[in-house]
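Here subunit A shows up in two complexes: once beside subunit B, once beside subunit C.
Our next item is the complex of A and B:
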């Protein structure tokens, strides 16, 4: 009952729309493809025609990538992307969810299946005839960027690792990307936090449900995020303990999106978790501003490009990674001014959306190439995979440079 | 002077008049309908859109309740495309006498109004924004009706049978030949020409103006007390079911979801002039307070527009008593042969929109009587043009159509999703170069921005379509903005205030409409 009411309140923000069209000018998708009619159209305008128990009639809303830029730029406070997410959910619920969406939205399944057989799984993902087959049967685009299974899980490393006891404690939420694909990123996060005097606790955890949510599978997404919140909340007895994550879209899910989009505003555990959750760069910059961040940085004489992902922008914390990276001597950071890389989680993997995602990302790819950077820093893993796919340049989380600058890579 | 001859002249193009024209045409009578303005521009076009189940009247006025439920069932069939089956709820709020609910349920059984009590939890699942402290809830077959669509469908149906429909033809005199009314002289206000219409029977279906028309025929004592009521359209559907308070009917106790908005109504203030459209601040305030009792947060939601309608409350000065109790919301059919010894003249007034078809049928029965015809009416069986399939209207229809043709066509009105082809079709079909006429047909300019984005586009297209010079097009733009403004200023707060500021930037700041190149004098 309260879920429904929360959703009504979200919908109610459409009242603030004065039709100024700022969202339409900022939307990366509608500017790249005519298949998506744009956020003003799909959001506050179309929402007036939607009746919850009637058949969904506007399949075009499925072309919204859910990047959330519209809601960020709206000067009136219309929750455009969130309204679209609701509409997408209704559409999927009524018209059925493709098998593809059921598979690619479950990183845990994929990760558990792929990790033990990583070499074979990676070979499969790179084997063109099978990718063509997967495109035809499942609708996953043959060229879509597929991460490589690391063959080991971050949580296994974490269980074996003992964080030195310290008065300040953080709960590390590593997310699925770190768990199955980039466990080294998690190890670096832990090292940087410990270097700054934190005791890092890594509780048992699972997917936050964001991929499910963005594909409109709300019931499953609610289950996932509640389970995760329960696990994280159990560690929050000490009032000073906070949660930190390096998967910026997943931390945004915990902070805000699950509560708003899934109608879980009143869930007490999720609320507690949301209040205490930090993006890793947000936390480190806050430390720095309090004079508590260690700045024993060695120079890194390199030029890199930095792209702030859409979801990172949704935190409303500015671009803390940029400020942190500027602390590193000799590191030349070029800020990219493109809006979106196009991938939007799983959007760009879908056969019918791959071309749109690539068109959205083109401006970013061109900027990266023009910058002369050797590497790209970006806070979100799926964006990194897309950027590498679009530019053929390596991409890493900004924390990697702090890790190197602290000399932690040399033990 | 041009002269036309017909069997039946209908004065008044509201729901009743158009209903009379449709009914008479189906019976094979020759019909001319005139209205001083556009069709459904008076009372009919100014109600909240509720097709009553009869629930509102079960306790207070059982015959009215029976009429409503019977007509409700008929109209759902014959006017299916004009009706959205929202269903209705009667809810007992903390401000309502809890004892009324049982009386209500019993009276529903008595009068045959379908009514099912549901749990409060169920009601709130259906309507999450409903006041959490309601104690009882009853489901009834309320619905909403798009009256413009209905009236236009009837007018088209009548035209297909040979009727002539003449909007903007104002009656300037009723022609009398001794004890017989023989038609009327009317003025084509757009062409500036007079014409006479000779008719065997003249039907006065002018609603709140019926007393004025009767007086022109030299008939006294047709007293219609215009009861003015305000309605406020909220920017979106706060509810998808008609919500009524379960209490004796009073002001501000109905919230009707219709098209893209929800309308709260209404008040009832006596006025002497049916053209009085005063909106008092206190009325607006009261209505918003009443909204809060149904849907908490009502005052924070965006009000789009306020308007007034005048009910025709009829009192027959020639009836036995002139007690105010004789002032009734039931309809009144006056055969002036019996009442005044005047042949060829019938007045139909009073009543409510839900029962317009019945009123029209009874009126045409009386007309047939005067003409010595014996053809029964068939409007209870014959679907209106556009309603043949029997499928009810759905809110998503425009969005569905638009989604199918996303890339093919320019959208003119973004709020009401009016594509360019529909605008061009309406301009061609009506020949009208009046933006307000176009608005009523397409709902263009009726959404949140109140014409902010569509009207300058529309004026350009209208001018390009021909038949209007630049100065008149400019004037038409300014008139429209002025007309929209009238309905907005009494609710100018919050989001709608922001919208109007934005529109002002568009029209004053960007387009500088105060200094158009070919501005009217």
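Our next item is the complex of A and C:
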């Protein structure tokens, strides 16, 4: 990316900051912890004092969770979260990247290692003495929510599955959460798309690089996202073909974050992929508005809570899941108003940040409990694991309710 | 392709846009409020100042509204709609099913209250949260202003000096308060006041220091969850009436105002999309057919039968003056009015004088319809004809024009008169 481009589109936006403090009102982290002084201070204010190649004197930007809400609410268009992500990267480069951050940011390694030995891996992750040891040696908090390996991979199921040929084709980007931990979510996404007349293609794919990016490992993140974009772009010959994903933070990475934060605006493949990538609920709502979504829904007489994750809000499309869920007869959906569950991908796993993440999530957990909901719908897998950790209630992707309402769970 | 279709798209999430959105949703329209970011509510004091100066200080907005120039927004909106808007807002804010049960807005168009600002000036307001009422200087003999050194956005002694100059017997208390951080703003304090134990401890320390007579003025930090309970508790614990004085942003009462309107919008089935700044639009004949917003990946098209433009005027950058001294409406490319002719002065040297440019805005007809397009109604600070910061009329214009814009739009859509 050219310097001028960077100045115009990212760092230069700090000049639009009028110090109105709207970002401060919305920041989940600074409102829960004094260790992060807030997006305005850490972003447009501090950025003026960050001189390239000089050692950073203030490390507080490391406590930014990267949720991105500050950029969303800024009425002046300052790219606060993106500026902070780059500052975090420079800070890490200067001070060194902990071994922990090199491990927990690679879902592919972890998934490939854990899947064949899932019972043992899951036992290990739940075994207190080992978790204490991991906290002491690696800095992964002993209580942090660890997903359970499913013991099978979604891509295996996909290879064995034949999607009926249809005039409309969609490329399914399932992400690592679906691949290693919740393969059934992917099966349900495929079933809902096929029910609506799509032929679903599942190309070879790997991590989008978001965990690497949010821990400041930009070079590795660029490699990951470019490899993924290359694989997805190869499927886009037909102009009408689009990509759809259910991991909302990973689709956001493809759409926007990699281009802005990693400086890949000029990458033509990534641009093509970004323009054609949809969040699953975004796509289904659009179909509904065109009268093309099947609405043969059976009633689901349950009360659920819905939490829109920060990264879903970063798509700047509102809350399509809420509108989709409202189509299901008898399903009572309580919208949660708390902004953030706290986990922010891998942030809440880190020993020094776990307590902050739990403090951030507290008001969401309290609202969920007060709602009397039996289950929590949420578009992001790491948020779902954190919500279950904080509320002891099951949490699933909104697509699950469509899957059930279509009667697809009964074959 | 990313595309959404609605009956109405409201552009802007400040008071005007949120009121218009909530009213349209209540009228049964499929409405979506889109905004580049969070709006002006978080920066303003949270009071509804209908008309404070015209140009002398206004005692009764209802009387003064009738004598405004014919091109003033209130003259276009009409006194009846202003009154209806105030009634609707009061009922909405106070509703048991509203955002903050018990947190009433108090006042009327008949008499302005006169409330201390952070610098101890007295500002006329028509409609104020219950947490402001005890500060009404018209009813006041003496008062105590309380500050804390940790909140550097509020200086009790500055406020008190000016109130004394205005003839009010004012004492001050400076209370040392420990928070977990060195740089605290009003929001940080408000979150503490949400905690009943914390505020009880605060009252216990403050009570013995109160010597003067009259109510106790605190910076506006009385909580974001249940401000009615905070006020009730403090008054009981201190044995005096308590009131809030607006602070520098972030404005805690302004955040509550946003929540009141957001709650009303959502309850009526309206949607809010924040982060969706309009980047372009497309016309069909004399209609705006659709707008494009910046979204992740690629733009999203919002098509609608009608649009309400509540984008904030010069304050938000929705109207700009370029380096060639040309003024532009940035969102829909609408015609402006009130811009001084080429060569005529736009500004005068005195900062606080009325600036020649200050009454510029989007040209509208009598029903707030933007000139030159058939399906755009304008509300809030983009309207021409007022100098709201001199008149203390900004929030009142936002409320009443948002309300009126919804009426006009709903009628045009065929949804009929709003219930």
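FYI, the second predicted complex is superposed on the first by the 403 of 411 C-alpha atoms of A that agree within 3 Å, B and C clash if a C-alpha of one lies under 4 Å from a C-alpha of the other, contacts with A are read in each partner's own complex, and residues count from 1 in each chain.
Simple rule for what comes next: a residue touches a chain if its C-beta (ideal position, glycine included) is under 8 Å from a C-beta of that chain, and two chains touch if they have at least 3 such contacts.
Given the structure is predicted, the values throughout are model-derived calculations rather than measurements.
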item: A:41 touches, of subunit B and subunit C: first, second, both or neither?; value: both
item: First, second, both or neither for A:55, with subunit B first and subunit C second; value: first
item: Partner chain in contact with A:282 - subunit B first, subunit C second, else both or neither; value: second
item: Subunit B versus subunit C as contact partner of A:67, first or second or both or neither; value: neither
item: First, second, both or neither for A:376, with subunit B first and subunit C second; value: neither
item: Which of subunit B and subunit C A:192 touches, first, second, both or neither; value: neither
item: First, second, both or neither for A:76, with subunit B first and subunit C second; value: both
item: Which of subunit B and subunit C A:22 touches, first, second, both or neither; value: second
item: Partner chain in contact with A:12 - subunit B first, subunit C second, else both or neither; value: first
item: Contact residues of subunit A, present in both the subunit B and the subunit C interface; value: 20, 34, 37, 41, 76
item: Subunit A residues touching subunit B - in the complex, by the definition given at the top; value: 1, 4-5, 7-9, 11-12, 14-20, 34-35, 37, 40-41, 45-60, 76
item: Of subunit C, residues touching subunit A in the complex; value: 1-5, 32, 35-39, 42-43, 179-181, 183, 185, 187-188, 191, 249-250, 255, 266, 271-277, 293-298, 300, 316-317
item: In the complex with subunit C, residue positions of subunit A that touch it; value: 20-22, 24-26, 31, 34, 37, 41, 71-77, 242, 252, 254-256, 274-278, 282, 285-286, 289, 313-319, 323, 335
item: Contact set on subunit B toward subunit A in their complex; value: 121, 124-125, 128-129, 235-237, 240, 260-261, 297, 301-302, 394-400, 402-403, 406-407, 414-415, 417, 447-449, 452-453, 495, 498-499, 502
